[in-house]
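The same chain A turns up in both complexes below, where it pairs with chain B and then with chain C.
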Partner chain A sequence: MGLKPLLEMRFPVQGNDFIQAGEASSRIKRTLQQIGMESSLVRRAAIASYEAEMNIVIHAYHGELVLTIWPNLIEIVAADVGPGISDVALAMQEGYSTAPESVRQMGFGAGMGLPNMQKCADELLVETKVGEGTRVVIKINL
Partner chain B sequence: MVPFFHSVRLDADKCKGCTNCIKHCPTEAIRVRAGKAHILEDRCVDCGVCIRVCPNHAKVVHTDPLTRCKEFAYNVALPAPALFGQFAELSEPGAVLDALLGLGFDEVFEVPLAADLVSQAMRRFLQERGPGPWISATCPAVVRLIQVRFPELIPNLITLESPMEVAGAIARQQAIRSTGLSADRIGVWFITPCPAKVTAIHQPEALAQSSVTGAIAVSQIYGDILKLLPRAGSARRRLQASGLGLGWGRAGGENVAVGIANHLAVDGIHNVIDLLEELEMGRLQDVSFLECQACTGGCVGGALTLENPFIARVRLRKLAAQLPQVCSLDLAAMEEEWGDVFSIKGEIVPRPMTPLATDMYSAIAKMERLEIIERRLPGLDCGACGAPNCRALAEDIVRGRAEEKDCVIRMREMWYTRPDMEKAKGAKP
Partner chain C sequence: MTLAELVRRLDLTILTSLPEGDVEVTRGYVSDLLSDVLGKASEGAIWVTLQSHPNVIAVASLLNLSAVIIVGGIIPDDATLERAREASVPVLSTQLPAFEIVGRLYQLGIRGNVDSCVDG
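After this line comes the complex of A and B, so read on.
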């Protein structure tokens, strides 16, 4: 990127841990609020990172969220060790979900996470390798 | 920006500097400094939690004494729905109206009746405006909470005034009409269960001036009313409000009165915060109407009430069941007569918490320092430093309003690692 990051913060996320779930993204939200980011940017970043965090909790084994603030953008990277996604285009479709019944009972698995990230981000990248893991990059312009 | 008015104040003589309030405050708005609690004005939403948890009764609410009525030629009392749930022996709610007149008020206007009208106005609003989700703006602590912590949800607020404000506006016009006095000679007094309503009177969010003159605490007037309550069966006045209007005093009552499908009622400020988090994350799309009340049990749980909120809630339900379930007043006719006293006319503005610094670069630099300091702190969240938790202390340090040695454990560490202490190993401080 050439430029130097202004701030970098890392938050570990544990797969299948529904008690801790949401903490990384609420830390990200709070951080951006305290820095004085505009509330609409904070909201977009919070929704996107929450969805990314929940996808690690629900679909992967473990991973982390990394918040990086660049002079011109907010970047959130959600990287995990997990099963990966075999068909990214399909996963990006609204309503597509492989979440098991037990998770749907908790109100997740509507297949809206990735589409929501897409809506909130100015740029969304999904890099994945089946059997290894997934890396989702969310970019929001300042 | 105009500074916040706050009804919740500290009685410094009574404050012992304990940590009860700082630990319970839902917006982390209290610090203990130099042995006394201080309220951070930009964060306080006047919810009243600190009043309830303070064992020394050092948190006081700035309300008006009954004697202030002397300043006015004509006085109207506005009893809140929650007031009617306070009395154990009350068999007829009308008796409370008699007692208020007995105390010297010239007229009484029932806030439950205004609640009936607001319910109708809300129903119309929700039908006209589509699926929402819409949040009721009638609990002023919730409105402030949204301004401070969830500014993105301001557009979801229903732009209708609270029953208190509507009652005040109609009562004042009625008084002018019946007495011929000028508006400034008429005192309109809300009998309040709620510190946030006191704030809403003195610094209304979207009005230049509230229609209500002042607020008398339920807890203060309770004894006077009790003495004057007539025996069962002898009440002269009857409540004009319906059971639904009276029901507004308890959690869920507003939902029932508005009677819209896909509604949700949540009470207790911590629960409200959790729910608003969900809403802000866009996860509550199937709800169209949200009743949020800062107090557990609804307004019967207000910090200025005396009765246990659960008992008051059941009592209110029983009283409400005796009343007719339809309102005798028609919204359109009332609007015709008194004008649009229902809509919130001004703007509800965001009041986000003060960022670490005004420009992003220095704020980020402070954020980095905050992280480093937080890692050095013990993570016990004990509150002995006067901040509610270690992270809050770290934040206070970078904001320049606390020092690392305010943490007792850090203080001891720093003492032992002083160069001279290293030499004199084993010596006690």
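After this line comes the complex of A and C, so read on.
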């Protein structure tokens, strides 16, 4: 990237912890608000962060969200140790979900998280290795 | 219509306090799927759902929704209400099912929308 980040913050995320769930993305939202980021950008970053965070909570074992502000973009990386995704193209399709029944009852598992991230991001990258984990990179241009 | 007026006209039960000052509500959304709400509810919308766990509050807070109406007389547990107080999310409850309460909101001028999250 060549440029230096203006800010970098890391937020741990624990798999299957539905009490803490949402804390990391809520802190990302607050941070962006505090530095005076435009509200539409805050909204997109908050939605994408929440979806990425919940995917770690629901589908992975543990991980973290890393917020980096570059001079020209907001970058959120959600990296986890988990089962990985065997077919990313399929996972990106709206409606596709492997969420277990217990979390579906809570209203997760619509298969809309990755499509929402795609909508909110200017660029979305999903790197994954089955049996190891997943790294989702969300970029929002300033 | 203001939130306080909606509460009065629809006889909603206030489970966590309303904000001080008038909050104008013009938009609404109904869904029990969290990602659906995240992708489609607009800023400041009032959200009608039968979900009542703490993640509902996380979503409402993230989207700056004006309030959550929990239908069917369901009363959320303390963890949810505690989270709602911390996040200043007004939680309201109605005995009515979703269809009825949404119909009444519509009659009072609250409208849905076709925005994606990118448009806000």
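Note that the second predicted complex is superposed on the first by the 142 of 142 C-alpha atoms of A that agree within 3 Å, B and C clash if a C-alpha of one lies under 4 Å from a C-alpha of the other, contacts with A are read in each partner's own complex, and residues count from 1 in each chain.
Just so it is clear, contacts are C-beta pairs under 8 Å (C-beta built on N, C-alpha and C of every residue); 3 or more make two chains touch, one makes a residue touch a chain.
These figures come from a predicted structure and were not determined experimentally.
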Combined model on chain A where chain B meets chain C, clash or fit: clash
Partner chain in contact with A:M9 - chain B first, chain C second, else both or neither: first
Which superposed partner A:A91 touches (first chain B, second chain C, both, neither): neither
Chain B versus chain C as contact partner of A:S40, first or second or both or neither: both
Per-residue touch tally on chain A - higher for chain B or for chain C: C
Which superposed partner A:M106 touches (first chain B, second chain C, both, neither): second
Contacts of A:T31 with chain B and chain C, given as first, second, both or neither: first
Touching partner for A:F18 - first (chain B), second (chain C), both, neither: second
A:A79 touches, of chain B and chain C: first, second, both or neither? neither
Touched partner set for A:P115, first chain B, second chain C, both or neither: second
134-142, 224-232 or 368-376: stretch of chain B that collides with chain C: 134-142
Shared chain A contacts, counted only where both chain B and chain C touch the same residue: 26, 39-40, 43, 46-47, 50, 107, 116
Complex contact set, residues of chain C against chain A: 32-36, 38-39, 43, 49, 51, 53-56, 58-59, 61-64, 79, 87, 116-118, 120
Chain B contact footprint on chain A (complex, rising order): 6-7, 9, 26, 31, 33-37, 39-40, 42-43, 46-47, 50, 69, 107, 116
Residue numbers on chain A that touch chain C, as the complex places them: 18-19, 21-22, 25-26, 29, 39-40, 43-44, 46-47, 50-51, 54, 106-108, 110-113, 115-116, 119-120
Residues of chain B touching chain A in the complex: 151-152, 277, 280-283, 350, 352-353, 355-358, 360-361, 363-364, 367-368, 370-371, 395
